[in-house]
Amino acid sequence: MIDPLERWRDRHGLADKPDYAGLLTYAGMPYTQDPAELDGIDVAIVGAPVDDLVSDRPGTRYGPRAIRAASCPPGPHLEARIDWAEALRVVDYGDAPIVPADAARSLAAIEATVAEVLRAGGLPVVLGGDHSIAEPEIRACAASHGPVGLVHFDTHTDTGAEVFGVEVSHGTPMYRLVEAGHVAPERYVQIGLRGYWPGEPELAWQAERGITSFFMHDVRDLGIEEVVGRTIDIVGHGPVFLSVDVDVLDPAFAPGTGTPEPGGLTSLELLRACRAIASGLELIGADVVEVAPTAVGSADVTALVADRIVREILTGIALRRRGVS
Amino acid sequence: MIDPLERWRDRHGLADKPDYAGLLTYAGMPYTQDPAELDGIDVAIVGAPVDDLVSDRPGTRYGPRAIRAASCPPGPHLEARIDWAEALRVVDYGDAPIVPADAARSLAAIEATVAEVLRAGGLPVVLGGDHSIAEPEIRACAASHGPVGLVHFDTHTDTGAEVFGVEVSHGTPMYRLVEAGHVAPERYVQIGLRGYWPGEPELAWQAERGITSFFMHDVRDLGIEEVVGRTIDIVGHGPVFLSVDVDVLDPAFAPGTGTPEPGGLTSLELLRACRAIASGLELIGADVVEVAPTAVGSADVTALVADRIVREILTGIALRRRGVS
Amino acid sequence: MIDPLERWRDRHGLADKPDYAGLLTYAGMPYTQDPAELDGIDVAIVGAPVDDLVSDRPGTRYGPRAIRAASCPPGPHLEARIDWAEALRVVDYGDAPIVPADAARSLAAIEATVAEVLRAGGLPVVLGGDHSIAEPEIRACAASHGPVGLVHFDTHTDTGAEVFGVEVSHGTPMYRLVEAGHVAPERYVQIGLRGYWPGEPELAWQAERGITSFFMHDVRDLGIEEVVGRTIDIVGHGPVFLSVDVDVLDPAFAPGTGTPEPGGLTSLELLRACRAIASGLELIGADVVEVAPTAVGSADVTALVADRIVREILTGIALRRRGVS
Amino acid sequence: MIDPLERWRDRHGLADKPDYAGLLTYAGMPYTQDPAELDGIDVAIVGAPVDDLVSDRPGTRYGPRAIRAASCPPGPHLEARIDWAEALRVVDYGDAPIVPADAARSLAAIEATVAEVLRAGGLPVVLGGDHSIAEPEIRACAASHGPVGLVHFDTHTDTGAEVFGVEVSHGTPMYRLVEAGHVAPERYVQIGLRGYWPGEPELAWQAERGITSFFMHDVRDLGIEEVVGRTIDIVGHGPVFLSVDVDVLDPAFAPGTGTPEPGGLTSLELLRACRAIASGLELIGADVVEVAPTAVGSADVTALVADRIVREILTGIALRRRGVS
Amino acid sequence: MIDPLERWRDRHGLADKPDYAGLLTYAGMPYTQDPAELDGIDVAIVGAPVDDLVSDRPGTRYGPRAIRAASCPPGPHLEARIDWAEALRVVDYGDAPIVPADAARSLAAIEATVAEVLRAGGLPVVLGGDHSIAEPEIRACAASHGPVGLVHFDTHTDTGAEVFGVEVSHGTPMYRLVEAGHVAPERYVQIGLRGYWPGEPELAWQAERGITSFFMHDVRDLGIEEVVGRTIDIVGHGPVFLSVDVDVLDPAFAPGTGTPEPGGLTSLELLRACRAIASGLELIGADVVEVAPTAVGSADVTALVADRIVREILTGIALRRRGVS
Amino acid sequence: MIDPLERWRDRHGLADKPDYAGLLTYAGMPYTQDPAELDGIDVAIVGAPVDDLVSDRPGTRYGPRAIRAASCPPGPHLEARIDWAEALRVVDYGDAPIVPADAARSLAAIEATVAEVLRAGGLPVVLGGDHSIAEPEIRACAASHGPVGLVHFDTHTDTGAEVFGVEVSHGTPMYRLVEAGHVAPERYVQIGLRGYWPGEPELAWQAERGITSFFMHDVRDLGIEEVVGRTIDIVGHGPVFLSVDVDVLDPAFAPGTGTPEPGGLTSLELLRACRAIASGLELIGADVVEVAPTAVGSADVTALVADRIVREILTGIALRRRGVS
C-alpha cells in the first residue's frame, strides 16, 4: 500500500497534499492492488474504465481517472459534520484490468475485482464506466449477499431486453439482473426517469415485476425529500446496491455524459439524496457511472460532481455506522 | 423522400438507427425537399441557418445542423405517454436556401419555404437561426391564417424599432410584426424577460399596444405553471405561433447562444411549459431560435435542449390532436 | 479620461457600441488611470488580475479582462426599473499594477489603487483575481471607514490561519482581517458555505468571534430571501463590504473558477440577493472574485454572471441612493 | 437520389450552396442509399462510423459526419487544374448500417455496402471509422478484383496478430488481409511508420512476407517524392487499394485521432502524395480512417484535412482517367 | 493618449507590464482615438472587427481584440536585431466604429478611420476582420497615394466578381480594387494560392489583367525566399500595400480562421517573408485579416501568429527606415 | 514499488495495459516514492508540478500529470531499433512534494528529490513545471558531479538577472546557474532562440560568459543536424544536463505552453535532436518543461510530444550505454 500524502507529511508536516500533485488516487487515499492488503478496510474504490457497450457517445473509459483527478482531500461534511475519511478505512483499489475492445473479458475482470473487495469484507464503490458494469458488480454482490435491493438514479430505466439487438449493453443491465434473480424487483426503486426511452413494453415488464419508478415529474410534484423517504420505505431492510447514473442530473450540472437528457435533477437535490439513501439503508455496494469527461482534469465539472456523489455516499455510510442516519 | 432508417430496418430489422450514423435529419425523420411530397403531413421541420442580423455573437448559422445532430430517435414521452412520431406525420423539409451575407434573400427564402409547408396544410417548426427569422415565418403564417397570437419565450422583447440603427435585426421582429398587423398584440404574451434591455420607450410601446409581459421576476413570484395558465387564457382561441428563444433559459442550461443572460428558466420549467402551450392552444407554427452551438455534434448541450423543446412542442401538438390537452 | 463610446456617438449617433468592438472597459464606461480624474465619481471599477496565492487551479489572473469582455452596455434593470449608469457616475479605473510572481508587491498595488478610489470619495468595485485580494481591499476600506461589516458569499469561509502552511493565501484573508480588527466579526455574515472545508478548528474560531454563517443547507431550508433579510438585520448600520466569490454558485452556473463545489446557489438566487444587500446596507466597497475563465471572450459564462453580479451591486447602490431600497 | 444543391440552383441560380446549410452530404454531392441508383457512377463515398475496436481513444464514430461537415463545394484543383466533380460522377452513398457495440455486425454491414458499390462498377471511397474497417473493405475489393496491392499511409503497421489479445482490432487488419490472401504482400507498401509499435516479431513477419516499409526516417532522408516514386514502381500494375490513416500526419496537422504520434508528415507532403498515388496506380478503392474529431463541425481541422485527402484521391483518379497521371 | 505602461513604470520602475493586465492595447502601445493626437506617428494600429461578409464560418469580429490580447511587449527582434518600438512611433488607434449587421456603414467607417491615419502621415496597420475590409482600406490608401502595388498572402485570390451572387464580399475585394483602378495589376503579386477556388474564369481574368500568382506549389518548388525575391522585383518602386490573410498558413499554424485550407505555409516561412516584403518595398499600409479566434485570450495560437506577423511588418518597416533592408 | 501492469499480466497474460486504465505512472513504469527502492535504477522520472514563477500564462502545474496521461507503453524505437524499457531500469519516482503558493519550499523540495535520485546513482528526468525548476535540479546535479555542461532547447535564453524585478523566476535560472558556477558557460549551448526576448544586455552577458547560441535562424540556415553536431563538439566530454523547454517547438506542434512563439522547430526536428544529444553526450540529468496542457488527458498534443521527447532522451541514453551513439 502506498500513501500519496506521505512525502507532504514527512517533509512539510502537512495533513493534505495539493490535488494536482502526487500519485493520482481517489481523494488521496492509500493505493493498493494487492487483495491481501484489503483486510480490515471499510470501503474500496474501484475503477471500471469501459465504454464498449454504449449506444451513443463513448468516453466513459476516461471516467475513473477523471473522477480521481477531480477529487479533493477529505474533510468534515459541512452539513453532516462528519469526516468520512476519519470514520471509515477507505483505500483506492485501482482499476479492474479491463481490456480494450473486449467487453466480455472486461466485465469478467470487473466482477472479479469487486468480488475481491467483498471477500475482504469491504464495500465496493465503483467509478464507471458505462452502465453495463452494473451487471457484473451486482452479480458479485448477490453472490456474496443474496438478491439485493437496488436504488437506481437515472434518466433511463436500463431495463431493455436488448438495445439495437445487443443483449449485453449499457441499456440492459437491470433487466438482466432482475431476470437472473440478482436484484429483488420489489426492493428496486428507480428515481429521475424522463425523456423518450424506454417504450411501453419495457414499462409493462417493470410493472409486472413490481419495480417502483419515480419519474422526474414525480420528483417535481412530490419533492426529492418525499421521493427519498418513500424509497427508503420501499427498499426496507436487507442488502442494497446504490447505482447512480450521472445523467440523472440535468445536463447543466453534468454535461459530460453519453446520453444527457434535459429536465433533470439539480446537484443540490441529488447530493443530499445520495447521502440519505446511504445512511438510511444497508448499503453493500455502490457505483457512479456514465461519466464521460470532456477533459481529464480537475476542471471537468461532471467528474467533479461524480466525486461529490461518491463523498455523499461515503458520508452516508459513515453516518450510518455511527448510528446517526 | 428518403427514410434514413431504411438500411437499419432492412438489414438488421431495427426500429431505430444510432444518432451518429446515417443521413442527418431531425430525429431520423424522412427527408424531402420536394413540396409535392408534403401532402398529408402534419409537421415539417425547416432549418433557417442564418446569423447575419445579430448584434453580438454570431454562430446561429450552425443551429439547425447542431439541433439535428443532437436529436435522438423518437419514443413515448415518459410523462405524457404519447409518441409524437406515431401520432403525427413529421418530415424534415431541409433548410431554406439561405445565402451567406445576403440577409434579404435569406429572409425571403425562409418565408417562401415556410409558405410551402403551410400551403400543404402542414405546421412548420423552424430551427433557427437568429430571431430575425420570426418576421418572415410569422408573415407567412399570417398570410395563411390572418393575424396570429404569439407566445414568445425570451430574455429580450425583440420589439426594438431598430438596433444600432438597423431596422431588420434580431432585436426588431416582434415590433415589425405587430406594426404590420401580422401579430395581434392583445393575443401576444412574452415570458421570461430579464436583464437590461429594452429600455423604457420599447416598454411603453408594448404597454400601449396591449402586449402582455411576464418578466422573470413574475415567473419567480408566480411560478411557471401559473404563468402558463394565464398565458393560455390571454391568448385564447385562434391561430397561435410559438417562438422560443433558447436564451430564455439560464446560461447554465443553454450556454450556446449569442446574448445569454443569467437568471433564467431551468430546462425543467421550460420543457413542460412548451408542451402545455402546444397542447393548450391552436398552434399553427413554431420556432426554436438563437442556438449558437459551440460544437456541431451530439455533445452540444444547447442544441440538445433545443431538440427537447421541439419534442415537447410536437408532443403537445400530438396531445391536442388526441384531445388530451 | 477616454470614452469608448465616443466614435459611435460621433459618427453614427448611437447611444451604445457593440460589446466586441472599441476600447475594452467595463460596460463601455469611461476609462482613466489618473487619480485626479476620480473626483466626483460614485463608483470605480478596479481590476486585480492575480492568482499567485491559490491552492488549486490558477487562472483568475484572466478574471478582470474576461469580465470586461463579457460585460454589455448598461440599460434599465428590468425588475428594478433603474439604470445604474444614469443614476451613478461610474468609471473604469483600470487594473492595479500587479507584478507576476510577486504576491507581496501585487497586494500592495491593489491596496494602493483601492485607496486612491476611496480618497476620491468613490466606492471601489474590484474584479478579481483570487480571494487573497480581499485582504488589501478591505484593509484600505477600514483605513478610510474604520472596521467594516462584511457580507461574504462563498462556498468556503476563507478563514484559515494558513493553507498548506502559507499564511497569506486565498484561503486566509477573512481570518487575517478579523484578527487585525479590520472586519467587525459581529457584523460579518457568510452565505452559501458547503462541501468539505474548513475543519472544526476554523469553525470553532468563527463561533468564538461571533461570525454568522448561513450554510447552503440553511439557504435550502430557509430560502434565500429569508437569509438575505436576516443578513441585513445582523449587519445593520455602518460601513459594509460585499465580497462575492463566484464559487458560491453551483458549478452549473459558474464553472470557470478554481475550487468549484456542486450544490450551490443558482444565478437567479444570487443576483437578486446581491441587489438586496447593496440596496439594503451601507456599502463602501465590493468585489467579485475567483473568476477563472476558460476563455477570455464574451462567451465565457462565468465571466458573464460575474458581470451581472457587478450590475446588481451597482443597481442596488443606485436604488439606495434614490432611497428605494 | 437527392441533390442538396437543388434549392439553391432553382431559387437563386447558384452553382454552389453554403457548406453549413442544406442536406449534409460529402461536398454537396447527390445522396442515395438505393443500390439501383449507383449504376454509372464512378465513385461512391461511404461512411463507416465505428470505433468499437480501438485500443486507446474512441471517437472515430464521428469521423464520417465530421468529414462531410468539413467538406466544401468542389472546384478546380489549383495545381492539377482539373475539377474532380466535373470529371467524375460521384455520389454520397451514405453510411453503412453499423450497429453500436456490435463490431461483427458493423464490419459485415461495411463489407456489404462496399460490395454494392463495387457491383455497380463504382470505386468506393470510405470515410472511417477506425482502421479495423480496412479488413471488410479490402475483402470486398478482393472478392471483386482478386488479391490487391495496397498503399498504406500510417504511423503504425496495423499488422499485429492481436492487440491486447484481440484478433479483430484496429491494429490487426493488414496482418489478417495478407494472411487471408486478399492483399498481395509484394505489392504492399507502408509509408510513414514511426514511434514505438509494432515490435520485432511483427517487423520480422513483414520482412518474411515481402512487405515494403518506408519509415518516417526514410521519408526524412529520401524525401516524399522519392518515396512515392518507389512506391509506384513497387506496386506496379494491377488493382490497388489506398488506405490513409490520418495519424500518418504529425499531430500538428491532424490532432483529432486516437493514437497520434509526433514526428509525422506535413499536410503539404501527404496531400500531393495521395494525388500522385491515385493518378499513378490502378485504384479500385480507398479509405481515410482514424478521424476522431473533437468537434463535429466545419472547424475541425482533422476532418478538414481528411476531406482534402479525399479530394486529392478524387483528383488523382480524375487525372488518371484523362490520361494525365 | 493613454499609456498602459504608466502605472507599472511609476510604481515599480518596470519597463514592461504583464500581457494579461492593464489596458488592452496592441503590444501595450499608447492608445488614442483622437485624430489630433496622430501627428508625428509612424504607424497606427487600427482594428476592424467585422465578419458580415463571410461566405462560411464567422468569428473574425473577434480578431482585433484577440490579436491585442495575444500581443506581448516589444523587444529587439532576435534575428534582425532591431526594436520596432524604439525605431518607430506606434500608437493603437482603436477600432473603427463598425456597426453590427450593417456592412455598408462598417466599411465606410473603416475607410474613414484609415484615412485619418493617412492624413496624419501615418502608416495604417489594420487588424481584421474578414477580407472585405481590404477594399475600403486600399481605397483610402489609393486616395492618398494613387494606385498602389499589392502583395497579397492568401489561400484564395479574393478576385471573384461575386460570391453567392454577393458583390461586396470577403471573396471579391481584389477584383473590385483592380477594376476601380486602386490597385495596379502589374504590381500585384499573390502568394500561397492553393485548394479549389477560384475557378478558371477568375484565373483567366487575373491573367488578362497581368496579376502575378505564386501558387503554393510554386512555393514548394522554388522556395519561399525565391518567391519573395521575385515579388520584390515585380512590385518594384512605388507605394505598396501588404495584405496578409492568415489562411495562407497551414491550419496547423493558424486553425482559427474561417476558410482554412491544408497544405499551406509554415509560420517560419511566412514571418520572415513578411519582414522581407516590409523592408524591401515602399509600404504605405498593411493588414492581417481573417483571424477568427476560438478563444479571445492569450492562448489563441492564430491570434498569436497574427501578432507576430504584425511585428515582422513593423520590424521590416523599421529596418527600411534605418536603411538596412 | 508498485507495478501498474501487474493485474493485466496476471489475469490476462498481457505485456501491456491500456493507457487510460490502471495506476497513472510514466509509461506504465513501476512507481515508488521510497528512496531505498531507487538502488540499481538507471533513470527515475520525477514530476515538478509548479507554475508559481511564470510571467505570463500559468498551467504548468498540470504538466507532469498530463505527460504521464499522454505516455503510452514502451516498445522498440522504430528508427533506433532499441527498447529503452528493456535496456534501462526506469522507475517513476512520483512528484516532488511541492507546496502551492510557496515557491521557495517547492524549489527546495524539487532539489531534494532530484538529489535522492542522484545519490542512488540514477539519472533524473524531470517533468515540469515552469523553467524555474532548472535551478534546483541543476544545482543538485552540480553538487554531485561538479559544474555541468548544458544543452538548452528553448525560444528564450532564460538568462535574465530578473523578470519584472523578480530574481527567482522562470526567466532567470540559467543566469543564476552560470553565475553560481553550477553551469560551465563554455559548455553551455542554447538552441532555437527567436522572438523578442531577451534584450541586448542579456545577450551581451551571454557573449561575455562564452555561451553558445544557435538562434532559430541558424537552425533554418544550417539545418538541425549541423547544429546538433556542432553542439556535441562544443559541449564535449564531461557531465551534461539536457533541458528542453517545449516552447522551442512551433506552437503548431506544442500549443500548450505559457509563452509560445511562432516560427519554431518541428517535432520531427526536435525529437531526433534530443536522441542525438542524449546518445552523443554524457547525460547526468534532463528535464522537459513548460508543458501547460489545456486538457489533462491523453488527447493533449503538447503533453504527447513532451512524452516523446522524454522517450527520445531515454532511447539516446540506452543507445549510449550499448555503445551505439
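Lettered A, B, C, D, E and F in written order, each chain numbered from 1.
As a working rule, a residue touches a chain if its C-beta (ideal position, glycine included) is under 8 Å from a C-beta of that chain, and two chains touch if they have at least 3 such contacts.
This structure is a prediction, so every number in the text was calculated from the model and none was measured.
More than half of the contact pairs at A-C come back, by residue number, in D-E, the repeat among B-E, D-E or B-D. Using the average of C-alpha coordinates as each chain's centre, F ends up farthest from subunit B.
In this assembly, A is the chain whose CA centroid lies farthest from the centroid of subunit E. In summary, the pair subunit D and subunit E forms a contact in which the copies contribute largely different residue numbers, shared numbers making up under half of all those used. Look at where the CA atoms of subunit A average out and do the same for subunit D: the two points lie 41 Å apart. Averaged Cα coordinates give subunit E a centre that lies 37 Å from the centre of subunit F.
Taking each chain's centre as the mean of its C-alpha atoms, subunit B lies 55 Å from subunit F. In subunit B, the residues that reach two or more other chains under the touch definition are 12, 14, 18, 20, 55-56, 61, 99-100, 105, 164-165, 250, 252, 294, 298. Listed by label, the pairs of touching chains are A-B, A-C, A-D, A-F, B-C, B-D, B-E, C-E, C-F, D-E, D-F, E-F.
Residue ranges of subunit A in contact with subunit C, taken from their complex: 12-14, 16, 18-20, 72-79, 83, 250, 252-253, 266-268, 271-272, 298-299, 301, 304-305, 308, 311. Remark: subunit A residues 2, 6-8, 11-12, 14, 17-18, 20-24, 31, 33, 47, 49, 61-62, 64-66, 69, 94-100, 105, 109, 112, 293-298 touch subunit F in the complex.
Those residues of subunit A whose C-beta lies close enough to touch subunit D in the complex are 51-56, 58-59, 61, 99-103, 105, 163-166, 169. Interface of subunit D with subunit F (complex): residues 55-57, 164-165, 193-200, 215-217, 220, 250-253, 255, 259-264, 294.
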